[in-house]
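I've put the structures underneath this note.
In the two complexes below, subunit A is the common chain; its partner is subunit B in one and subunit C in the other.
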Partner chain A sequence: MKSLQRFWHRNSPQLFLGELLEKRWMEPIIPFTLTIAVFLAFALTIPRYTSLGNLQQLMFNFAEQGMVAIAMAFSVLSGGIDLSVGSVFAMSNFLALYFYLILGLPLPVMIVAVLAFGALMGAVNGGMIAYGKTRPFLTTLVVLIIVRAAYNKVTAAFTDELASINSESPVWDFMGGGTILGVPTNMAVLIVVAVATHFFLTRARPGVHIMAVGSSRKAARHAGVNVKWALFSAYVISGALSALAGIFYAARQNSSGTDTGVGWEINALAAVVLGGISLAGGRGTIARAMMGAAIIFMLISGMVQTGISGNFTTATIGIVLLIAVGFNVKWVKNKGKVLQKVYVVPSWVDFEPPPSIARDSGTVFAENDRLRDAEPIALNQIEGPEDIILDRDDHLYTVNRNGSIIRFRAPDYTVREEFARIGGRPLGLAFDRDQNLLVCIAGMGVYGVKPDRTVFKVTDRTNRTRTRLKDDSRLYLADDLDVAPDGKIYFSEATTRYELTDWALDGFEGRGNGRLICHDPATGTTRTILKNLTFPNGVCIAHDGKSVLWASTWLCRVYRYWIATEKAGTCELLIDNLPGYCDNINRSSDGNYWLAFVGLRSPVYDLAMANPGFRIRMVKQIPPDEWLCPGINYGCVIKFDDKGNVLESLWDPGGTSHPTITSVREHKGYLYIGGLENNRIGRIRLPNADPGWEAHKSYWGAA
Partner chain B sequence: MSKASRLKKQLWWGVAASIAALTAIAATPSKAAEAREELRQQFDKALKGKTVAWAPVWLGVLESEWTRVMKAHFDDYGMKFEVRDANFKSDVQLQAVSSLINEHPDVLVVQNPNVTLLAKELKRAMEAGIYVVQVNMASNTLTDAYVGVDARDMGRRLAKNMIADCGGGKGSGEISILEGEATAAYSLDMKNGAMEVFKADPSIKIVSSQPTSWDANKAGEITSTVLQQHPNLCGILSVWGPQAAGAVQAIKAAGKTGTAKIYVASDGQPADCDLLEQGGFYRNLSYRADTQGEAIVNAVIGLLQSGDKPGAKRTAYYTTPAWVNSKDDRMYCFTVPKDAK
Partner chain C sequence: MPRGAEAARLRKPSQTMAVLAMCVVLIVVFSIGLNGFLTVGNLLALARNISILGILALGMAVVVIGRGLDLSQVASFAASTAIAIIIMNAGYPTGLAVLVGLVLAIVIGILNGFLISVVEMPPLLTTLASSLAVLGIIRTTAVQHYVVYLAKGHDDFLRIGGNLWNGVPVPILIFGAAAILLHLFLSRTVLGRSIYAHGDNPDAARLSGIATRPLTMMEYAISAGIGYVGGVVMIAETALMHLQVAESTLIFDVIMVVVLGGVSLVGGRGNVMSVLVGTLLIGVLLNGMTIMDMDVQTQNIIKGLVLLVAIVLDSYLHPRDEETSKQGD
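Right, the complex of A and B next:
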């Protein structure tokens, strides 16, 4: 039973769900599903619904509504609304008939004139909204009323002419009733318009500006966008698109009734909202507007086709829209919360009681005061020195929280200088043979700084796991690295599921979310070599250069991965059941290795790790500051040898000056200590250490 | 004699007797009865299982009455009857008619919202081999049958009646026309018929002629405005009853009851007769939707039995209207049977 539970928690389907929800294409999932569902429902209930003839008919009737929905989408994406689309559409419908069939103007002239009319109405809207700073809702409502009144006047004035409309033009009939490869002309135009506007809004500068203004007018202005022009252009495009719809509608129906375009602005608005485009602007796509429009259109036409009474149809559509829009709004708003609730999926980890750390226990881990009197370096001049390293000129390098590499100059380390600014959150450091300083950067990948301070990218992606929904080709949280004698860079990615700020959540999961990756500078390739590792960390090439040592933080273990000899490619456990959570591993002068404990285990936390249900409840039900956390207010480093024997431990009891130690480096008889959250670097003299030993020589020789 | 042979003998006798009886029946008066039966069989053969599709502008009182009468008859004849309610949306109605044509019923019955909207589709329907019957509101495309009023003639009759009351010095001669949907045949033709007559009389002045989109509120607004500009308005010609109800209210509000009279072309719905009896309407030129419904049925079954190809002939079934002047003329309004809904 227990093993079954273990299996369940280690392979929970919730993982899949969480990563599914994280996908960007999940945002329009509701309108997308609804579109398919509505289509299928009618396909099953209405005979011959999917016949070519009926599909063509549906497309004929849909195209103009689709265009008006795109027109509305433009105004909504710009952060406003265009209520005049319906009446501009109706007026354009009339003008097209009037210019072409009553006045007899040539077709291209008519099209240009009508589009110009639409653009002009858009310019009136946009001009007032963008330059006159009027409210979009009222402005376009006024334009709606004026254009509608004018429309009623002109259609009444030309009643007899409109009643005797008869077109003999084959081009006109082709626009209204022709097909291109089976697709109705107006539908083909809609497809072209939809694709073009999509690219316009996502790829072209003026379109992106409209989106930017929609998301945040202030930010757009600060970014140098001409806000007024962007707004103005959005309404002009909206007007022109409505006019385009009017032309095709005229060609198809040859009629201009008082109800033409009445309520179309409502349908278009409903389509836009149903598609999940935010009324606040800036969020949404043309594709979503199309989906929304398709749902409404199919519902209306389908219900009419099933012969349901008109009033009932209207009411049903109202209710469906209300539910769908309500659900959609909730979904868009709460998707993040749902994701948060299901994303953390704790695994089952069994721990044995660790060796005692009590001062009088006599074990190698027994608490002592050896780090208590560490001499502070760079006190309050540094924020979060997760890793530290010294070069052959004894200069001290460390990482800073703000994304830069800081150098303190030898010999007294009082002169602080920004060695390089890269960005992200720099973590592990290593020098390669050419004295390039390589650094793992959370959120970015692996970068390097040449001795002349130029920054270069080493790698920011590896091969993707094909079986996984989440795209893990990008490096999320590159953590620590080291360089093998052949120049290959081995680095760990602590987790592919969380950002650095949420490292504690990865701890709660205790799952193998991380990996060990190798980058070969000779070929420029990056390959994942070990997967599903539980917070791999502390990558260090062994003294003989034949294996990589790495530590699993949450499992409190040290592993050895062979890169040479006949065991190359295999991984073995070196040390198990350590009393602390392991961080960086580095070479020591006596041929052994230093290991930093970022925190210490406690019986309560160990127990919690074997109880995933408890941790789920904890994460879901209580605020983060009350969560049970790994004990990180300790300072401890240990030394171990190549066989995995722990040799000694150095303590700062209570972590008064060195809590959460993440890195230890030995250099010329001193031990340097860095911590993820600390405001200093510590240094103690190692009495028995070789005062001439330095890591660079150990790796690359005297040179 | 064995049992089996006795049975055989009896069977022979039976067969012989039956033959004798049958010849006797055939010889006597039965020839005419057989012909009548054949007629019914022929009728059933022409109609049974046939599909009639019906696309009205919406299902208002008038259209519901037509629908009720059609359904009763078609059900009785064993025909299929499908209704598509566009609920006053012309684009939806076009969709409905388009998809109906693809479904290929035997007869398509339509009420055109205006003269152009369905013109192409009706042609396409007949080309596809569907009989097309148009009801009351015709299209620019003529089809196999038209059932309904002669709107132009009704316009003329209303106008003549109004001139008798308002023209020649009897009234101010100021007349307002409430159109329906301007490009609907019913409204367009009736207005043109009336104008033809009004224009011939110099004492008549048309002060307003505006479309209401069949909407009582709009008719009310128009009438209020007209009454403000022309306080001496003598008559209002409304092409339809329900919209004129709005004008009744406007007249009442303006205190012109009795001086501004309403003349209505009515489809005979009960409310129109009520309004006349209450004094809101002055004259109704009324026809009855229920009998019109029967005329539609007749047109449909006539076409199905004709053997003509769809689109071959143009036939018309004009409805005869009658004046409703008082309570006594109630029979020109129909009543909806209680169990109809």
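Right, the complex of A and C next:
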């Protein structure tokens, strides 16, 4: 039972769900599925629904409604609404017939004139809404009534002429009933219009301005967008597209009835909302409007084909609209909250009781005061020195929270200078053979600084995990790195699911979200070598250069990954069940390794790690400052040897001057201490250490 | 700044007075220009014609003062009066039938209010969609064809739509009574003042302890309830309910009356007097157009143009911040 639970929590489907919700293509997937479902439902219930003839007929009937839906989409994306599309469509239908067949104007002239009429109606709407500051809904509603009344009047006046029209023009007939490669002409035009408007809204400046005004009027104004003009143009385009639909409808039907275009604005609105275009404006695409239109169209035409009364269809459209709008409003408002609730998926981690750290316990971890009197360097001149490193000339380099590398000049480290400013949050540091300072930067990747201070990018992406939904090719949280003798850079990425600011959330998850990555400067390739690691943190090449030591913070373990010898490519556990959460590992002068503890384990937190349900409730139900957290108000550093035996520990009890130690670096008989949140770098004299040892020599030899 | 704003407000004429002046001008022009306008018979007919519109506008005013809009008012009274007629025809007591219709109307109103206040949907879309849904449902279930006739033998009921002994139409009296009651409610009760507070600034109203969600439901229930009274008067006059009234432009006449009179769409402005003045103006206009023998479509075009002017005027007199306004308005 317990192993089953463990399995469930370690492979929770919620993980998939959380990453799914993050995907941008998730929003249109609902209308997309619905479109397919409605189509399949009618394909199964109506005989010969999928026959070529029927499909062609459906496309003929759909095209104009699709254009009207795009017209509606324009106004809704601009943050308003255009209810006049139905009546402008009807009036354009009449005008097309009137100009072309009754007045006998040439076809191009007629098309231009009718489009101009649509644009004019749009200009009336847009003029009042953008420049007169009226409400879009009411304004366009009134325009709808006026145009509709005018339409009824003129069609009544020209009943006889309209009844007797017939066209001899093959072009006109082709527009109405022809096909291009089997696709009806009007459908082909709809496709062209849809693609064109899509590119207009996403790639062209005026279109992007419309979207910007729709998503935030104020932000658009502050960004220098001409808000009124953008709104105005959206309505003009909306009117012109409705007119275009009217022209094709006229070519197809050659008639202008009393019910032409009645209720089309409602259908278009339902289509747009159902497609998931937000009524709040600015969110949505033309493709989604098309999907919504297809759903509404198939529903209505399918109901007609199955013989359901028109009243029932009206009720259905009304109810569908209510549900779609209600869902839309709630979804827009709560999506972030849902994602937040679903995203954190704690795993199940079992711990054994750690070795005692009590002062009188006699273990190697027994608390002492050896770090208490560390001499402060750069006190209050540095913010969060996560890692520190010293070069051949004894200068001290460290990282600062504001994204810069700070250098303190030897010998007394009182002169502070900004060595390089890269940005992001720099973390782990290492020197390569050529004295380039390599640095892991959270949110950016791995960068380097040459001795002449020029900054260069080492790598910011690795190969993507194909089986995973989330695109993990970009480096999220590169943490620490080291350089192997052959020049390859090994670095850890702590987690691929959270930003640096949310590192604690990754801790609550306790899942293998991180990875160990290798970059080869010789070929310029970056490959992930180990994945699903639980917060891999410190990385250090062993003294013999044949393996990489890396620490897993949340599992309190140190691993060894072989890069040479016959075991190359395998990973083995070196130290298990440490009493603290491991951070950076660095070489010591006596052939051993220093390891920093960022925090200490506590029995309560260990218990919580074996209870994912508890952690889910904690994250969901109480505010972050009430959360149970790993104890990070301690300062502790240990030393271990090549076989994984812990040799000694150095303590700053209570972390008064060095809490949350993330890095220790030995240099010429001194031990330098850095912390993620600290305001200083500490230094203590190591009594038994080789006073001439420096890491650079240990890595690259005396030269 | 406050002094300047105060001065600006003083310089702008009160909309109610402006409309009243327009009314007077229109009456004078029609009296001179149109034969048969200034006769007792025509004025009584005018009074009869505007009373239903006026009653509906009173209901709509409540919602608009609360910064909403109820496009489903006509559909909801059409549906509920149709049900009332069916129940009357089935032989149940008239009072019971009218009561059932009223309850139905109020339920529709509360549902609208629920969707708007709790689900937080835009009022215009909600009521537009709900009117479609209500009409569709009523026509698939109860009323197969557009018209429901009231069976013979309900003379007492029909008296509501008749005249008093000296020719004064009863509907105008109902309109008057409704106007007085609503005026007292809006100006003298806590709930009435709360509606103003709600329309003036919904967030401030909520923060100062007014339960705005139940209040919204009440506003839409009142709109539907008063609308139902108008519907009852309508069936008492004609002895039938034609469901196509819900597809006509009646609802826009109602909005026009409300907005023209000075009940601004930004909410919290206007009062019963505004509705009376607006009703009078529209009534005179419609009456004059009818005497001029204009067809319905021309009337619609003219009404639409007047409404457009009213909307532009309203947004000029009562500007709103469109950067913070709710979408779907």
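FYI, the second predicted complex is superposed on the first by the 620 of 703 C-alpha atoms of A that agree within 3 Å, B and C clash if a C-alpha of one lies under 4 Å from a C-alpha of the other, contacts with A are read in each partner's own complex, and residues count from 1 in each chain.
Assume contacts are C-beta pairs under 8 Å (C-beta built on N, C-alpha and C of every residue); 3 or more make two chains touch, one makes a residue touch a chain.
Since this is a predicted model, take the numbers as computed values, not measurements.
Once the two complexes are laid over each other on the shared chain, residue contacts for A:N61 go to subunit B alone; subunit C is not touched. By the touch criterion defined above, A:T260 reaches subunit B but does not reach subunit C.
When both complexes are overlaid on chain A, the residue A:G132 reaches subunit C alone and has no touch with subunit B.
Contacts of A:V195 after superposition on the shared chain: neither subunit B nor subunit C is touched.
By the touch criterion stated above, A:L162 is placed in contact with subunit B alone, subunit C being left untouched.
When the two complexes are overlaid on their common chain A, residue A:T314 makes contact with subunit B and with subunit C alike. Across the superposed pair, subunit B and subunit C both touch subunit A at residues 152, 156, 309, 311, 313-314. For subunit C in complex with subunit A, the touching residues are 69, 115, 119-122, 124-126, 128-137, 139-140, 249, 252, 255, 265, 295-298, 300-301, 303-305, 307-308, 311-312, 314-316, 319-320, 322-323, 327-329. Of all residues in subunit A, only 79, 81, 128, 132-139, 141-143, 145-146, 148-150, 152-153, 156, 217-218, 221, 266, 269, 279-281, 309, 311-319, 321-322, 325-326, 329-330, 333 touch subunit C in the complex they form.
Interface residues of subunit A facing subunit B in the complex, by the touch rule stated above, are 47-48, 51, 53-54, 57, 60-61, 152, 155-156, 159-160, 162-166, 177, 249, 253-260, 300-301, 304-305, 307-311, 313-314. Across the interface of their complex, subunit A is touched by residues 58-59, 82-92, 94-96, 98-99, 102-103, 113-117, 119-120, 140, 181-183, 185, 188, 210-211, 213 of subunit B.
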